[in-house]
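Each of the next two complexes has subunit A plus one more chain, namely subunit B in the first and subunit C in the second.
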Partner chain A sequence: MRKKFELRKTFGSFFTNYLVLVAIVLLVLVTMIVEPKFLSSGNLTNIMRQFGPLSMVALGMTFVIIGGFIDLSVAGTFSLVAVVTVSLIDPIGQVPALIAGLLLGALCGFFNSVLILTAGALTQAEALFITFGMSLVYGAFALITTGGAVLNMRDITSSISVFEGIGQGTVGIFTVSFLIFLVCLILLYFFQSKTVMGRAINLTGGNKTAARLAGIPVDVSIMVIYTLSGLMAALGAVNQFARVTTAAPVMGKGFETNAILAVVVGGTSLKGGKGSVLRTVLGTLLIILMSNCLNLLGVTPYMQNVTKGGILVLAIWLDNRKPL
Partner chain B sequence: MNVKSFGITLGKFASKQKALVAILAMLVMMLFFPTNFYTSYNLIDMLNSSSVLMILAFGVTITVISGGCDLSIGGVMVMSGIIAIKLMEFMNMWIAIVIAVIFGAVIGFINGFLVVHQKTEPFIITLGMGMTLTGLAQHLTDARPVTGSDPNFMMISNGRIILSFTNLVIIMLVVLLITHVIMRYTQFGRSCYAIGGDYDVARYSGINVILIKWGAFVICGITAAIAGVLLSSKLNSGSSIYGETTALVVNCAVVVGGVSFAGGVGGIFQAALGLLVFGVLENSMNMLGVDSYIQILTKGIVIVAIIWLDSFSRKRKRERV
Partner chain C sequence: MSTISDEILSVKDISKAFPGVKALDNVSFSVRRGTVHGLVGENGAGKSTLMKILSGVYPKDSGTIIFDGKKIESTTPIKSMNSGLAIIYQELNLVNSLSVGENVFLGRFSQMGGMRGIHSKARVLLDSIDCRIDTHRLVDELSVSEKQMVEIAKALSFESKLIIMDEPSSSLTCDEMKELAKIIRQLKGQGISIIYISHKLDEIFDFCDIVTIMRDGQIIDTKATAELTRGEMISDMVGRTIENEYPERPQNVGETLMEVKSINTRKLHNISFEVRKGEILGLVGLVGAGRTEIVRAIFGADKARGHEIKLDGKTVIIRKPVQAINAGLGFVSEDRKLQGLVLPFSVEQNISMGNLDKVAKHGVLRRAAEKEIADKYVRALNIKTPTIKTKVQSLSGGNQQKCIIGRWLETGPRVFIMDEPTRGIDVGAKYEIYMLMKEIAEKEGAIILISSELPEVLNMSNRVLTIFEGRITGEFDPQMVSADQVMESALGLCSLEVHERAQEI
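What follows is the complex of A and B.
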């Protein structure tokens, strides 16, 4: 009797902890039965390609949310990095342009952290509004850079082999963007679980005052999380424009909410201090698979927004009901 | 000495009323440019164009003062506008409008249930709710604008009963007055301040914290629905794209006006001032013929600057204690 109860309890806690995994398996099974085309290599490659940009932005966002903050500026950073990188390819060559783009992303993130630190913002809400304002600023810079026009990679006269490789290349069965994602994941997982800084970020998110009193470098942690978020947004932007071969000054729109969605649905708590990059990968997978499966099942994109929002609300509600 | 103390008082006033100072600075600046800014037509138009956002802001202010926040207002706004326009085809216009407002109240009720009763994080749960509602609005209209069938519908916002003010401005002033009276002179309003100030202290003093905070969300839903109906009436159309950035802009503007996001501080008039900052800013930049991208840039810088100053002054206060 007791054993049965225990079993039910473990099953229950497994179910609440790995709800995302259950949802992914169910989604894949249903789609496979209704639409066998789901498993075609073309569709799987397509999923891998779509996976790149969002997963990278979401990985960066994970650290910000674990640190107890939030970053809405990734939308602006994403657009700015895309248009600046593409417009720099001709003047300075492709590799320097790539490096300049990534540095620009990191710089944008760093600037956010400087604003937040100098203002002494401690709460998520303050960070939300400051980064929202900065998102407008970066987005406006992106619009000013191109004059509102969409940049096409075909118009570039010099070589763009690196970006073509990122966008279209494959190694074995994996796309290059997926491999970049795997490298990022391994590095960030190592960073989170094995380094002092990674632990410091977790403690910062748990309780800032306690962390400060315990000698944790809170200010440095905040700088690191925002810089990382900016850098990952830049990497996502590079992947995105390499895939679609155009860079629009508004292309980052929606990435911030989708990234937050991926992180939260994955199970990283918005209260900060808890979470993992692996969970974010699951959350991103669910979101990408959901839009892919719903497309295959013939659901309109408008209805997909409804399901996305509904899942977000449901995920947070369930997460909140989880016993600590 | 008198001059010095006057200077100190002025400095204190300026640091407290950042929004008012920003508005005054812009108004003075506009005196030096030969534009049509100071014409009664333009000033009324400026009020008219920020009225819808102001009505949204008054509801949001109540939730913010009681320690929450509501980012679903954009979704509620577009949905209620579309509901009013769609239902008008089969029934009396006024009944359709009442149903749209009830819809807003229901969404506010659900938000309140999730945030207050189930104790979830307000801004992310309302963000999700806003996303759902925007998607629903897109689904209902196929992402195309829908147009009202009753010609009287347009007159609700655009008619001019009193002087040359549009009804929209008059309704905005009425909502302003009602919400102000609720927040200042009723038990409900005072309880909201108490809850925002300190949730636990308010609960131990015998305030029904859950019910009051829940009520704040319902009021916010109602004002958002009213704003949605008025916006649809002003443009005689409802579309899912109207509310895209509304929620964040309005919440920002409320904070810019001096309603603290920590809760318990501020008032309806401050929220109105915060919205006016953006109204005046947009209008004067349009008058000066500023490029639209530069306008977005300026808006972003103003948001960051004022919220930075707000946080910074709180940090200084913390350090002094």
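What follows is the complex of A and C.
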């Protein structure tokens, strides 16, 4: 009896822990059978390219959520970085523009954390509204920067070889954007699991009060997670506009919700403290594959949103059912 | 049968256990009709638990309750209110954004004939206790004593036969107190029984006909107040000391280690004291007297300005817990689960979290070093856990507390603040923690001990400070004085003399 129970428990915990993996495999199998085009090299490259921007935003978001907070401002940051970087290429050259763009993203994130700390907004709900507000602000700056116009990279006169490389280049079978993602993943995994700062972020998310009383630099952790989130959003933005060769002042829209979706579906708890960047990769993969499959199967985008919403609710429900 | 009609409430052999604690142990007592029945006991004696069982907030484990001649099997707060048993909690249960009338008849608007009915009926009830509050006023605008009147009117609206008042006087001024006394007499005149819970012994002697004294989840005595002296009551509340429940006190108390000068906050008034090398300093006071606020201010966990802290004669600036830790302070906080532990994390991570710098090199964690520290304290403190990777939330209270103590031992504080270190811990584990405290103090450190268990503070401390309403009201050598004297000082009974003395100085 006991053995049977334990077996069921092991299976149960495997199932809840790796449900995403199971879902991904099922999704791939079903789509493969229904729509053989899924496996064409064109489609697979397409998936890899789509994977880049969202996965980067989601990796940054992972730390914010593990730290017990949330960041809706990445949508605004994403748009702002894209248009500012593109419009800086001609005046200051492509590499300085790239660096300036990434710094701008980090700065936006850092500013969020300063606002949160000075407002004393130490609950997830308060952070949600502050970053939502800042998303509007950054988004408005993006619109002001271009006067509402979409910037096309063809209009740039100086060299854009770096961005072409990021957007179109391949190394072997991998796209460059995918390789950038891999490097980020390895670095962030190391940061999360092996460094003092990573542990501090985890503890902050686990119990802010206890962490503070034990001498964990909770405020610094909050600054780090938001700065990182802003930086990763900027990196995602660069990948995105390099791929589509235009930078629209509203292009970040939807990335914040999709990133949160990817993190939560991956199994990182919205309650903070628990989670991993590796899980986020699986979550992102599921989101991207799902939209790819549904596209191939001819499902309308409206209906796709219904499935996304449903999956988010399901993921939170599962998280609350997990044994402690 | 005649006794039944005489007794409004009769409780027999009620027991209630919470995980790790026996809150009530075969409690029996009865309340006669039309009497004011006092209930006294230290914090944690089981008064609140008993009242919550009566009003249906908690289910009882065993025993019988007979209320108004009827046996009550299971009840809920609403059922018990409807049956005529009302409870008025210390932190009044009113909806601030609604009017007085609406609060009195909350949830019963339609039965009372809508808004007009509510206000006219509330008026009648309030008049019956000589209360002039306009029923249209918002509860938010009322003073504490006015809110209490509203609660009493609410209780009367249920035609209550028994009203339980849980520390009704704790935030009343002297005049308001007289008002309450008048109402209590009135209610008694109407044949309503009252259970009156209070820490203030004067009130018990003034109002109550009969008093029941509780300690450690048991009824110690039920007597007519006329037959009791204050001294008897206090010693019944405080209780005996069991031999060998505590190790010997630390022996070598040295010179001053830490000085605290004039902490002032909204709740604290001019708190100054010193801690000597090798001693355990006990802070005694009721819950809410400001004990925890004092140590939190010292540790930089709460904001406080203008005070001075000296360690070894040198002024240290502490505005954040990190600065306190660096200066050489440690803090085992009052609420293990909310403020001490990160529950879903492992024993190892909970021990290492105060010492991440020690287990890291250039900011990178070294797993081996982390494991070594965790293993060291699991062995040294005899922490019972399957492995160090086990989540700390699955450990018992005592072992959880040892994890926190282990964390701080590795940090190596000079002054160790322990707020309720043995709360919710069984007797065996308590002794182990006492031994640890003695060791810490004797290794040139010092401990500031806060505990709601008076025997614990008195038996562990070399010196005791009593705190009442945010002020230090006395300093005692627990070996020289009786528990009663300390208790009196902590109840603010001799605070007047201290104030006078302070003014002279």
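Keep in mind that, in the parts below, the second predicted complex is superposed on the first by the 319 of 324 C-alpha atoms of A that agree within 3 Å, B and C clash if a C-alpha of one lies under 4 Å from a C-alpha of the other, contacts with A are read in each partner's own complex, and residues count from 1 in each chain.
Rule of thumb we're sticking to: a contact is a pair of C-beta atoms (placed from the backbone, for glycine too) under 8 Å apart; a residue touches a chain by one contact, two chains touch by 3 or more.
Everything numeric here is computed off the predicted structure, so don't read it as measured data.
Novice: For A:159 in the superposed arrangement: first (subunit B), second (subunit C), both or neither?
Specialist: Once the two structures are laid over each other on A, A:159 reaches no partner at all.
Novice: By the touch definition at the top of the document, which applies to A:214: first (subunit B), second (subunit C), both, or neither?
Specialist: A:214 sits against subunit C, while subunit B stays out of touch.
Novice: Counting only touches as set out at the top, which of subunit B and subunit C does A:274 meet: first, second, both, neither?
Specialist: In the superposed model, A:274 contacts subunit C only, not subunit B.
Novice: Once the structures are superposed on A, label A:148 by its partner contacts, choosing first (subunit B), second (subunit C), both or neither.
Specialist: first
Novice: Could you say whether A:40 touches subunit B, subunit C, both of them, or neither, answering first, second, both or neither?
Specialist: neither
Novice: Output check: A:199 vs subunit B and subunit C. Expected answer is one of first, second, both, neither. What do you get?
Specialist: Second partner only, subunit C.
Novice: Touching A:306, do we find subunit B (first), subunit C (second), both, or neither?
Specialist: first
Novice: In this superposition, which partner touches a larger number of subunit A residues, subunit B or subunit C?
Specialist: B
Novice: Which stretch or stretches of subunit B touch subunit A in the complex?
Specialist: Against subunit A, the touching part of subunit B is residues 69, 114, 118-121, 123-125, 127-136, 138-139, 142-143, 248, 251-252, 255, 261-262, 293-294, 296-297, 299-304, 307-308, 311-312, 314-315, 318.
Novice: Inside the complex, what are the residues of subunit A that reach subunit C?
Specialist: Per the stated touch rule, the residues are 194-197, 199-200, 202-203, 206-207, 209-217, 273-274, 324.
Novice: Which residues, counting only subunit C, touch subunit A once they are in their complex?
Specialist: Answer in residue numbers: 299, 301, 320-322, 325-326, 331, 333, 338-345, 349, 353-354, 356-357, 360, 363-365, 391, 393, 407, 411.
Novice: Flag every residue of subunit A that touches subunit B in the complex, lowest number first.
Specialist: 72, 115, 118-121, 123-126, 128-130, 132-137, 139-141, 143-144, 148, 257, 260-261, 264, 270-271, 300, 302-310, 312-313, 316-317, 320-321
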